[in-house]
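Input: structures, listed below.
What follows is chain A paired twice: with chain B in the first complex and chain C in the second.
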Partner chain A sequence: MKNAIEVRKLCKNYKGFQLKDVDIILPKGMIMGFIGENGAGKTTTIKAMLNIIHTDGGEVKIFGMNVKENEKKIKEDIGVVLDDSFLSEYFNVIDVNQFMKHMYNNWDEELYFKYVDRFQLDKKKKVKEYSSGMKMKLKIAVALSHHPKLLILDEPTSGLDPVARNEILDIFQDFIQDEEHSIFVSSHITSDLEHIADYITFINDGKIVFTETRDKLLETYGIVKCSEEDFKKIDKKDFIKYKKNRYEYEILIDNKVEFQKKYHVEIIDKPTIENIMLIYIKGEK
Partner chain B sequence: MKTVVGLMVKDFLNIKSYRTTLMFLLILYAITSFANDNIATFIPICVPLIFGMLGISSFSYDSIAKADKYVLTLPITKKDMVRAKYLYVFILTVLGTIVGIVLSIFLQIVKTGGLTNIESIIGASIGALLGMMVLQIFEIPVMYIFGAEKGRIIQMAAIVLLMFIISGISILVMKVFQISLEQFLDILIHYGIAIITAMVALFYIISYKISLNVFIKKEV
Partner chain C sequence: MDIIISNSSNTPIYEQIKEQIKNKIISNELKTGELLPSIRTLARDLRISVITTKNAYEELEREGYVETIPAKGTYVSNKNIELIREEQLQKVEHLIDTAVSVAKISNISKQEIQDMVDIIYGED
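Now for the complex of A and B:
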């Protein structure tokens, strides 16, 4: 089994929204960041991957097995964090343990309480009394405590302050040290993904725009800023999209070296994932 | 089965915080029935009612936390979830019936120094248990179809509809067999419990099948 996740031609139709021919391949041992604006289809894709919603086409394989045919077996080895849902607002961490030990064959009580202590989660407080950061830490502790091989995380760092975010990212880095482990993580905080992701998959309006390695995105992609006059001299084939600002044009290119050779541009800015996402969404061709 | 038990544990843990309120209600009922001299009927009817309603409230707890979506990320099927919900509601209602019987017997002994009307207590308790189960036959699918929020309002309408249906069936039976209300009640008292129990069990299973069918098709 080479790939942790294989999603092929996944389709889901809602009134007013379509997930169309989504293809995602996450090789084993890698971290994939899943980006896109609100409503682009990130959570729908994750729900379809986990067989929580019915799909209208395509196939999802996890650990090489069809998710519909081997749901229970697959889910024994997955840790999931969903941004907006959990077990109960009235549970404390001890209640969560009581429940979880019935759910997973591999539930590791000792490991769970180790995370609870590490995250300084109050054992007596109910979930509803936790801050959003604390809630997220609890969900992450639960996701990690049955020795999963794959983490599927929907916005795991939302609501966390920079210190807590850093701490969580370190935990993900530790997790991925094992070659058998993989992470699929959707996030709005694209700077987090720049630190940890091996691959970035970008979804927009229900369609996958690209899957690239982080290094390719950050090293070969570039942003050229120029005047309208200079912009008119550039061949459409040589850039992905452009964005017209008040005083200049911002052009997203995917091959810095070639572009520099052809147009002799002095400065090409190194893009952030956020820059790339913004120009893709807001830009024109 | 382990996961089904786990889901029931979740629902029982959810109502843990309700313990004090429940104790307060039981004490209040005990005092009221003690003072009004209706221990044999009031307690055996009210206690299963409260426990049964508490069972249905688990839908609201799940709705607040959006728990269904999260639970489906665990190694569990929708079938396990519906099965666990029915078992939980049923067990809680039976537990309420047992608590009602024990409390009534205790109060009766304290008040009269003996146990003279055990038949009334048991009769009222079984009646209340079956009554609650009849309500749940409608309530649970309503919760799955409409969700906890809308379901709460719709279940009120369902209860009224249910009362009309039961009255309608009773009138129909009396007309077809040309018997009076007294004769009808007499038949019910002598032979009715077995028939009603069998009917309730059958409809409880049908209700489960409907809920399962609805939940499998539902997008959480």
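Now for the complex of A and C:
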């Protein structure tokens, strides 16, 4: 088994929104960041991957097994964090433990309370009294406490402050110290993924725009800034998209070095994932 | 062992790691046979992706500075001390070549350059 996740030609039709031929391959041992604006199809993709919603075509394999045929077996080995809470608001962390014991064969009580302590979750308070950061940490503690091999998380860092987000990134990197472990994480806070994700998959309007390694994306992509006059000299096939701003043109390129050899432009900025996403969504060709 | 990564540098991160480890091997701070941190540990400790550290180690291996023994780890290799010396020698030759060219243009004599080398090398 080489890949933790294999999604091929996944389709889902809603009125007014379509997930179209989504392909995602996450090699074992790696972290994939799944990015896109709100409404691009991130959550739909994740729910379809987990067989939570009905799909209209395509196939999802996790650990090499078809999800529809092996759902129960697969779910023992994945830790999931979704936006909609599956925990009763009236539970405290101790109730959660009692409940989860019956949900998972591998539930590890000791590990769970270790995370509860590490995240400083108040044992007396009910879930509904928790801040959003606390709730998220509780969900992550739950997701980790049955020894999963794969974590699938939908927006785990949204609504958290930088310190808490940082802690969560630490947990992710601890988790993949075991090379059998993998993480698929969606986020619109792209800076979180910029450092630690091995792969970035970008979805826009229900379609996958690209999957690239973090290194390729941040080291070979670039953003050229130039005047209209210079922009006109550039061959259309040498860039991905451009954005015309009030005082300058921003041009997204995916081959910094060759571009510079050909055009000798003055400014090629190092991109951030956010820049790349913005020009893809807002730019023209 | 210090490895210092700049996120704003134009040098790719894998290359920054590669160069820093390479320099430590050349200067003998990392000795032949020494075990390097695992790809995953290094990625965690530097807060970077696994593929990035993997790339750095693969390049070091290709250039003969380290070798990876499956299931054991990556070690500083001993095979290429000669090669490293050769590479460094070429670098020195290239720099001297530049120095001599500059000297010739400005009428600085061979003796003056040799004196300079004596002083600079001696001080070291």
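Keep this in mind: the second predicted complex is superposed on the first by the 285 of 285 C-alpha atoms of A that agree within 3 Å, B and C clash if a C-alpha of one lies under 4 Å from a C-alpha of the other, contacts with A are read in each partner's own complex, and residues count from 1 in each chain.
The rule is short, and it goes like this: a contact is a pair of C-beta atoms (placed from the backbone, for glycine too) under 8 Å apart; a residue touches a chain by one contact, two chains touch by 3 or more.
Just so you know, these numbers come straight off a predicted model, no measurement behind them.
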item: First (chain B), second (chain C), both or neither touched by A:Lys15; value: neither
item: Partner chain in contact with A:Lys2 - chain B first, chain C second, else both or neither; value: neither
item: First, second, both or neither for A:Glu71, with chain B first and chain C second; value: first
item: Partner chain in contact with A:His264 - chain B first, chain C second, else both or neither; value: neither
item: Touching partner for A:Ile53 - first (chain B), second (chain C), both, neither; value: first
item: Most chain A residues touched (candidates chain B, chain C); value: B
item: Chain B versus chain C as contact partner of A:Arg246, first or second or both or neither; value: neither
item: Contacts of A:Lys236 with chain B and chain C, given as first, second, both or neither; value: neither
item: Touching partner for A:Lys285 - first (chain B), second (chain C), both, neither; value: neither
item: Complex contact set, residues of chain A against chain B; value: 47, 50-54, 71-73, 75-76, 78, 80, 82, 84-91, 95, 98-104, 126-127, 152
item: Complex interface listing, chain C residues touching chain A; value: 7-8, 10, 12-14, 40-41, 43-44, 47-52, 55
item: Contact footprint of chain C on chain A as seen in their complex; value: 29-31, 169, 173-174, 176-177, 179, 195-199, 213-215, 219, 270
item: Chain B - residues contacting chain A, complex; value: 2-3, 5-7, 9-10, 13-14, 16-17, 61-62, 64-77, 217, 219-220
